[in-house]
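In order of appearance the chains are A, B, C and D, and numbering begins at 1 in each one.
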Amino acid sequence: MDKTSHPYIPTLLDQLNEGEISRRDFLRKSTLLGLSAGAAYAMAGIIDPATQARAGDLPKGGNLRIGMRCMEIKDPHLADFAEKSNVIRQVCEYLTFTDRNNITHPYLLEKWDVSDDLKTWTLHIRKDVKWRDGRALNADDVIWNLKRVSDPKVGSSVFGLFTGYLVEEYDTGEKDDKGNPKKSSRLWSDKAIEKVDDSTVRLNLFSPQIAVAEHLFHYPMFILDPKDNGAFGPSANGTGPFEMVEYTVGKGAKYKARTDYWGGAAHLDTFEFVDLGDNPGAGIAAMASKQVDGLSEADAVQINSMKAFPHVAVHKVETTQTIVMRMHPDVEQFKDKRVRQAMRHALDRDKIIQTVLLGAGTPAEDHHVAPSHPEYAALPKWPRDVEKAKKLMADAGHADGFELDLVTRPDPIWELNTTQAMAEQLKDIGIKANIKSLPSAQYWEVWTSAPFSLTAWGHRPLAIMTLGLAYRSNAAWNESHFSNAEFDKLLTQAEGILDPKERSKVMEKIELIMQDEGPIVQPFWRIFSTVMDKKVQGFELHPSQYIFAKDYAVASA
Amino acid sequence: MAIFVAKRLAMMMLTMVAASFLVFAVCEFTPGSVARKSLGPFATQEQVDFLTKKLKADDPLLVRYGRWAGVLLGIIPDPLQDPSTGLNFKDPRGAQYFGNFGYSTLNKLPVNDVIWSRLGNTAILAGLAFLLIVPLSIVFGILSGLKEGGVLDRLLSVICITFTSIPEFASGVFLVTLFVILWPVLPGTSPLDSEGGWSVPSQLVLPVAVLVIYDFGYVARMIRVSMIGVMEKPYIRTAVLKGMSTRQVVIGHALRNAMIAPFTVLLLQINFLISGVVVTELVFAYPGFGRLLLDASLFGDIATIEAATLITVAIAVTTQFVGDLGYMLLDPRIRLR
Amino acid sequence: MTMVAETISTNGERASETPLLAVQDLRIEFRGKAETIVAVPKLSFEVKPGESFGLVGESGCGKSTTAMAIMGYLGATGVVAGGSIRFEGEELVNAPAHKLRAIRGRRIAMVYQDPMSALNPVKTIGAQLAEVPMLHLGASRVEALDRAAAMLKDVRLPDAGDMLKRYPHQLSGGQQQRVVIAMALLGRPSLLLLDEPTTGLDVTVESAVIDLIGELRRRYGTSLLFISHNLGLIAESCDRVGIMYSGELVEEAPTRELFGRPRHPYTQGLIDCIPDIGQGKHSRTLAAIPGHIPLPSERPRGCLFGPRCAGFRAGLCDRPGMSLEPVGERHVVRCVRWPELEVARRELPPLSGESAAPAAAITVSDITKFYHLGYQKTLKANEAVSFEAGKAEIVALVGESGCGKSTLARIVTGLDRATSGEIRMAGENIAAIEASARPKPLLQSIQMVFQNPDSTLNPSHSAGFSIRRSLKKFGIRKGKAAIDQRMRELLEMVRLSPDFAARRPSQLSGGQKQRIAIARAFASDPSLIVADEPVSALDVSVQAAVVTLLLDIQKTRHATMLFISHDLALVRHVADKVVVMYLGKVMEKGTVEEIFGGATHPYTEALISAIRSTKPEGAERKRVTLTGDTPSPVDVPRGCRFASRCHRKLGSICDREPPPIRRMSATHEIACHIPVEALETPRHQDEARDRS
Amino acid sequence: MSALVEQRAMEATAVKATGRARLKWARILRSPTAMVGLFLVGFWVVAAILAPVLPLYSPTEQDVMALADPTPSAAHWLGVDILGRDELSRLIFGARTVLVVAPLSVAVAMIVGITLGMIAGCYGGWIDAVISRLSDIILAFPVLVLYVILIANIGPSIINIVIATTIASAPGIGRITRGLVLGLKEQEYIAAARLRAESTLYIMLVELLPNCRGMLIVDACLRIGYTIITIGILGFLGLGLPPPNPDWGGMVKESTTVLNVWPLMSVLPSIAIVSLVLGFNLLADGLREAWKP
């Protein structure tokens, strides 16, 4: 065992050996605390998938084409779709890497150290990383990036993650038009992000946070060359394995492998994204015609169509991607928590999974904590019980039900289908949800203001990440207007507890609050899937929908 | 003639002003502000408010329209490109030049960077379709109009009417099933590069076919009606009774007359094709103007919508103008009046 | 069957001379989806080499269909169901296409009605003419154009070289018809079919075209088959005439014989229907043939004319299988009672009554109407038109197309407003008040009978609708019952049974529609009726009846009437006073006697001279033939408007200065530079006969 | 009379003789084109009207068992859709939507267009100029672009589709009406009406409108067909009527992903659209033929 390793690691190992925590928990915790992934995997007695992928002799050369929407990519720190980040990801990289088992590894970092109180994170930057222009990556580069995403003027979604431990809200002293004090946000201290030396950066938190490493893998958290000043394009400088050769919005992206990549040159010579538009049929047609070698994503229905293609291999990964039907507890119809409970009882989750996902999902429990999350606490299941639900409705004074607009969006189609499936089941308890399907841009405009709506949530390795973003009172993405002081308190508490066993106890309380009076009905956790041509090797589907082309190879025909 | 051209140009300007204003007004209904769209969904409200003020996006509709027009005409610089916005939007052409369509909030690029290549792609698609529609519809129209109610007329009419009744998405679905899935001889999508193993021409076959199927029947019907009218005209009788054969009569006397009325209709198809390709482009993932327009409309990207509107209206008015000129060439009766 | 007899009777005399065209027992059917219409049941006639044969009949009698059958061009539904058409001994019925093509345009050529539409609007005259020699005579393009130019000279078109490059719309109607004639003659045909070649042309132009045809025929020795409804034209142009009625030939004879001694009651009736230029208003009533031509599906048994014939004898005239019977040298007639009927020819009673000079009912002074067509373009429809009409008087406005007579009618009725000038009616100036601004009593007092029977009634409403509406709007009667009662009376007045009120206009014949229109005009008890060419679109046999009816009602109602017409013969028959207009200006005005009497304006003289008469001796009248066409009203001559075409033009003064008004009498004025004395010199016409 | 006119008259008599006294509508019976069109339209209309009483599944009821094999079966004659809903029921209930929305939209567009066209044609002058210019401007927009911009901005709903159709179609209808009115205005019966002090409104409604009827009905049929296609396209673009109400275009969109395994899911609604549009187009064509003057 490493000398520099965190003092808590032996405890973890004991817990693992006694079966108190799972292998995965152990891996996650130990790596989080700075243990190298290789070592952690070795201690846990399983093979590191990263080394596994590299182990085989993958063929060299060739071109790989993946079908994916190619949207604007002006500012990587502002990327708001996984697709956008995929375009950038081949050129720019993260400090950390969370693998498909939700284990976070150092990446551009050599390693990190965490203080016992989880308030001081020391990031050791790899010394062998070179920008494409030949310059070595240094602490100033990293600090520039971290400070940039912490600037509210930039508008990165990382800002929301940093709020609460690096970023604080403050009163500007000015008044707005209505005379209310104007609030703004900033780094809590000049020392919040501190340069230790040329290759070491220290983060000083004002409150404990265990998910810092995961946050550094949040999709817009790219390390960019400060010289590019946040702009991205074919000429952008990056540390990544590829150089972007060409980019046309709505058409595609082309990359050329860097021979001087610090991590060893990619297997591929060139790599491409091909924009296939919003028509899900186009992806299938392109696969059928072998115009692309794979898709960045294919939903269960698309998979069902393509699994018969002889040249296609299906890839699946369990994720914490989900969709929630959320209610504003401050509107008339949902005021009474019994209505929300009734809605949770009205759902036949298996049926929805069978219908919408063709089975590719696992039932969720309305508290937005997935069984695959390390902090998950198992609770009794809520099977469908229409009678009970109806009674709850009647108790809440809605015996005859009510009618309300339910906001959703038309794409991706599984979201709309889920909406329809859920609305159909809610009919049985008298809730008539009139589906209002708004084009994406308009949907995002009313996203937080519509009283009754469906929202898809992306994969996050830790439940507290989502809970903090979405359900803490006044949180940045609190779309449900949920506000519960006890919940907030428990969540903050959980964020500072390292011991999974201990944290699970707090989590159980949180989950119960969510089930009792939470603002959401959550049907399932989605199994994420896609297709690749069988000639594609080294491909492993990442639950965050991330594409790492450097790991892939194509067998020549 | 000069007066005629001048009048038409004035009318074109007027139409473009009115059309762009109408679109501007319609876009008012879209929820969401330019500031929010420029900054992205995660920008703080504070930042959005700051930019809104900076862009004077709270000004009355007419003032904003005026400002947009000013940017377009190169009278004032594009406010979105002002460094003080912090948006870092930069048009290599500069912030102030004639024909500045502004910055696309959807693509975060100058509209001029995106729209022209898309238009070019669509022009290829529409152009090819047009090149097929013209002869096909003329042949169908003339043949069926030759003898109204005849067997050939009935047959061709049924084909034409049926084809015009098939929406593009339906024929797209049918064709993909047939030629991509069941009998894979053609590519299912058209990204317009040959690296997927299919040549670019092969990628054009299906989209062009879809457009032709939907459109040619309509034009053929127009030509048919015109042809029927012409064939009933006394001068056709004159020609026949001169001792000319049917072939001579059709080619020598009927064809040009029969094309006079449908000529405008035919040209209008350019207009229809340039923008009516939305569905086709979506089905075949064709990187064209129609899809851009659809995306921009859905996103509420006013700069792009306005640019697309002006371009389509300009094309429409220009084709009308060309139509009128062609009309004059075809019909000496209205020459230079 | 009588086929044999017929063949002999028409062919018997000069069997040795092979006819150029022999039509025998021709049966033409139109086979529609629903039923078959027999357009021509059985028709036989022939045209001999060098002969000019006229085929006369009213609309729907099958004369044009016959021509088309000869050309083998009956359209999609027309079929020659029986009989034969032999041309120079060759059978044309069911002839193969290539044979027909070799004949068409080469050996048989055709001249059509409405030359404008007969010419391809998008091809130059030269291209269209050159096609004929290129097609039939193997000429090269250059050669063909040379021939075309030569032929254009033959049809007296000036500047043939330039003409070849022009398009049809750049030519006037008369020039277009000359081009069509040239086109027909370019193939050097032995037979020329003329299908109403001058209908639609102005009378003065018609005259020139007919003269040209006669001359060319003599020059080229071409046989003619001349089809027309105009008896006068036929009488003057043909050697032999066949009268057709409802698809049958009812009488055939050499021209002089036929018009001199018509044997068939229909022929007689047709002749009597036509107002004779030689006879004035009060000489005789126009004889109208009662009823209307039967539809092909409603043909009666036996004599087709039976139901309309005064000499109809049941049991005799309704026996089937009537044949053409010889009645004289080369004269055959299809009537079983011809010997008796000839004796019993009607003598037509003279019209009674003279009207005294009445008080003025309407005074038109200096009415000018300009339409501004655009930049410095003004259409001068009327300029300084003045006249007046007395109470119960009939004033005729006469002139060719574009003379502004209809514009004036519209101004009087308020459908348009004058640019300047006054129209006084009951003391008020109504020239600038449009109908919508006119008070109801004024609208009520001026009503109009329109020209086109097909557009005079709203096809969506019943025939009685507008009469009822008029009665109601003007409060002539109150209450539904009273209105219906009055409407029935009005229908009776126009000699229609009351059940016509419920019929749709599409179920009425042209004459019936015009009757309804007359009833509608009189429904409001107007004091002034403006009749704009009320009968020009009707068949001659119907025309007479409608005119007679109109005059009767006008007379009994004491209504003043502005009668607008291009037909001088009719005007002479109808009017008390005549105003002759040309290009928006009044050329001459006076009483009907003065206009048709001694001194007249050269234009009036030309108009009168252009009228063709069936009277054989009429052919000997010396004609005034005008050159050229009426100039465009947008671009009027500076001096006398008529100067460019005048046959009595004095010199440049006519081009320079507007003519002075020559007062010939208190009522007679002529606008002309020719001095009074010169105007009074007797004209070429035999005036003695006029005054009889 | 010219030969051609005479001949035409003869032919017309041959065609029409028996129908002279009968209603214009009766002529449709003799046009096979119109009859086929009428049958297709009638089929959907009857199906749509009877939908609630027919023994059909609910169009939104999801049968998860049927999804195992969504192809036609004894339980679901035409199979089920991607969410296990009965295809037949969705097709028939989908007809209800489209047969309400399309004719309603066209009716509103007709009312607006005819009114504008009548006013422009009757009054002429600057009123005509203003209306015509405005029409030109809207007509210069490609129709689909107009729909997409409008619907994307004001959102998909029946009312908004009606509004969009009205804006897109009214100028065209107005132009046709104006043309007809300009032709009819010079007819003598209009002059006669003016001479008996009829108001302009009366002339428009009683004297002019009935004579435009034929052309306008034909035009309406074509426009209904086109509007059905447009509604389908909007559905396909995801701008259609909101789910779960069956919408033919939306049904195609939903099932394009399963085209190669369960082609019926997209082919059936496509056929439904094509058949209904074809019905209206044939009807229009047949009517035009039957009512040819």
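Simple rule for what comes next: a residue touches a chain if its C-beta (ideal position, glycine included) is under 8 Å from a C-beta of that chain, and two chains touch if they have at least 3 such contacts.
Just so it is clear, the structure is predicted and the values come from calculations on it, not from any experiment.
Taking the mean Cα position of each chain as its centre, C sits at the greatest distance from chain A. Between the CA-based centres of chain A and chain B the separation comes to 41 Å, rounded to the whole angstrom. A straight line joining the Cα centres of chain B and chain D is 23 Å long. Work out the mean CA point of chain A and of chain C, and you get 92 Å between them. Rounded to whole angstrom units, the spacing between the C-alpha centres of chain B and chain C is 53.
Residue positions of chain C with contacts to 2 or more other chains are 76, 112, 114.
For chain D, residues touching at least two other chains, in rising order: 2, 4, 152, 253, 256, 259-260. Within chain B, the positions touching two or more other chains are listed as 30, 173, 176, 181, 234, 237, 282-283, 298, 300.
Viewed as a network of touching protein chains, the structure does not reduce to a path, ring, star or complete graph. Screening every pair of chains for touch gives A-B, A-D, B-C, B-D, C-D. Of all the residues in chain D, the ones that touch chain C in their complex are 1-4, 6-7, 9-11, 13-21, 30, 187-189, 191-198, 200, 206-207, 210-211, 213. The part of chain D that touches chain A in the complex is made up of residues 60-62, 64, 67, 82-84, 152, 155-156, 238-239, 242-244, 253-254, 256-261. In the complex of the two chains, the chain B residues touching chain C come out as 147-150, 233-235, 237-245, 248, 252-253, 256-257, 260, 330-333. Put simply, chain B touches chain A in their complex at residues 30-32, 36-37, 39-44, 46-47, 50, 86, 88, 104, 106-109, 114, 117-118, 173, 176, 180-181, 184, 186-189, 191-193, 195-198, 281-285, 287, 291-292, 295, 298-300. Those residues of chain C whose C-beta lies close enough to touch chain D in the complex are 30-37, 39, 59-60, 62, 64-65, 67-68, 74-78, 112-114, 195-196, 199, 229, 295-297, 410, 413-415, 435-436, 438, 440, 443, 446-448, 450-452, 455-461, 466, 469-470, 473-474, 506-507, 517, 520, 524.
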